[in-house]
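What follows is a single structure, written as structure tokens, with notes after it.
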Amino acid sequence: MPKITIEEFQEIARRSLTFMDSMGIHLEHIGTGEVTARARYDESFLRPGGTVSGPIMMGLADAAMYALVMSLIGPVELAVTTNLNINFLRKPLPGDIIATAKILKLGSRLAIGEVYIYSEGDEEQAPVAHATVTYSIPPRSL
Amino acid sequence: MPKITIEEFQEIARRSLTFMDSMGIHLEHIGTGEVTARARYDESFLRPGGTVSGPIMMGLADAAMYALVMSLIGPVELAVTTNLNINFLRKPLPGDIIATAKILKLGSRLAIGEVYIYSEGDEEQAPVAHATVTYSIPPRSL
Amino acid sequence: MPKITIEEFQEIARRSLTFMDSMGIHLEHIGTGEVTARARYDESFLRPGGTVSGPIMMGLADAAMYALVMSLIGPVELAVTTNLNINFLRKPLPGDIIATAKILKLGSRLAIGEVYIYSEGDEEQAPVAHATVTYSIPPRSL
Amino acid sequence: MPKITIEEFQEIARRSLTFMDSMGIHLEHIGTGEVTARARYDESFLRPGGTVSGPIMMGLADAAMYALVMSLIGPVELAVTTNLNINFLRKPLPGDIIATAKILKLGSRLAIGEVYIYSEGDEEQAPVAHATVTYSIPPRSL
């Protein structure tokens, strides 16, 4: 069972990832080490041609990884991103984009994961972006 | 002399980098291969503690590099980011953040640069983030 | 069918990736968009504790991606690496390491893929490293 | 004054970075937060055209950063690389390559730096590669 629910995550996000709301990002699914998140298509963040912009994709990757870390270790609000590497692969289709995150390593100090981003309706086919994200985890009182 | 002015860049950005406006990002200086850009402190994009969020820093790095490329090759609107790698180094101070971009390589197909981000009032001291950004440049009709 | 055989690749590698031989790296399997490569355990490249070093893992990731590109587009010897991002996840076990590469995007100018590296005997379990690698593909006479 | 001398570093490198020797890498200068390292031109690691290969550049960047960390915190042998991101910018000239490393952040748990690599005789001009490297620092007995 994941160590945090969608509702608990959204509550934390309202305080600590306020960009999620302004970027139209929300979680769709949280399992143990499995997260799906979505960024709604929003005209204020468009690229020419009506597709979502790079910062939305980066914000989505960051938020998905934050939720992934919490699915594994619980609501550790002070976890912070230390590195994000993203390759932009294809122009997204007009419409929402969807991210799935999976863990590569969960250590006591660092969590590293990868995030695939797809255009809605094109999942599991040609990713529009791929990111690896590292979070630093604060010392835990176990 | 830079191959684009701030005004020309802002005009392009209104069409092709619409996130700049929603993120409170604008150019402050453009020289040949030298760019300074700023993200205004905005409560809707805060991290806990009143500092700017990761996506703002990533958007700022991307926009500064886009302007840098245009300072060198002119208004090539179809240049697109292919890779962005960012290390988050320190929590920014509350307030604006400022980015300076410089070129590492300008080839016929790829432009690679690095961007340092500082808290306003702390420039040239301890960067809050450092990014390397790659743009793909479309074939040019010279 | 892959556009290059192991034998053809090894022939090219002898000329253009001479480090493969000095690093004890060779291909084990090449399919269309699927590559497995191995680095032999070699005492001259050890980290303390008898495990392979970072440069071997980076060389292995680079070589696996080079073979992957050729499996898709044929023996394009002048393809060059433009970016490599690697996360070191765990200390390898003493012994060989094995890389599997898969493509994220094959464009006309850039090929981007990801590489997982495992300790032999521990494949499909806990990767010791994960890399994303970008190759620039020269203009092709089609 | 740097917290380690070249001699002390080379002694540690013989045990813990054995690849340095096989790759012809050695330190040339160590100051506090300033390191210069060199990779000798070696025929067994060539790319076509007689230039040094990618793995040598990656090994050189890694070694320069390891020395940089020790110049700041002393001989902490158990520091390990967690991330390396490298952009290959130009084909090196035939001959040695030289790396200079500088720190971006020295924290209690992570050290992040950047490394510029030049062809000998072309320093301070057009870098052949640029890397950012993160080391994880073990808890210290202060």
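Brief remarks on what is shown
Which chain is which? They are A, B, C and D, in the order written, and residues in each are numbered from 1.
FYI, a contact is a pair of C-beta atoms (placed from the backbone, for glycine too) under 8 Å apart; a residue touches a chain by one contact, two chains touch by 3 or more.
Bear in mind the structure is a predicted one, so any value in this text is a computation, not a measurement.
In this assembly, C is the chain whose CA centroid lies farthest from the centroid of chain B.
Interface comparison, A-D versus A-C: the pair with the greater number of contacting C-beta pairs is A-C. Averaging Cα coordinates per chain places chain C and chain D 22 Å apart.
Per-chain CA centroids place chain A at a distance of 28 Å from chain C. A separation of 33 Å divides the Cα centre of chain A from that of chain D. Annotation for chain A: residues 82-83, 85, 87, 134 touch two or more other chains. Remark: chain B residues 15-19, 21-23, 43-48, 53-56, 58-59, 62, 77, 80-88, 91 touch chain A in the complex. Residue ranges on chain C touching chain B, taken from their complex, read 82-83, 85, 109-110, 134, 136.
Residues 85, 87, 89-90, 104-105, 112, 114, 126-127, 130, 132, 134 of chain D touch chain B in their complex.
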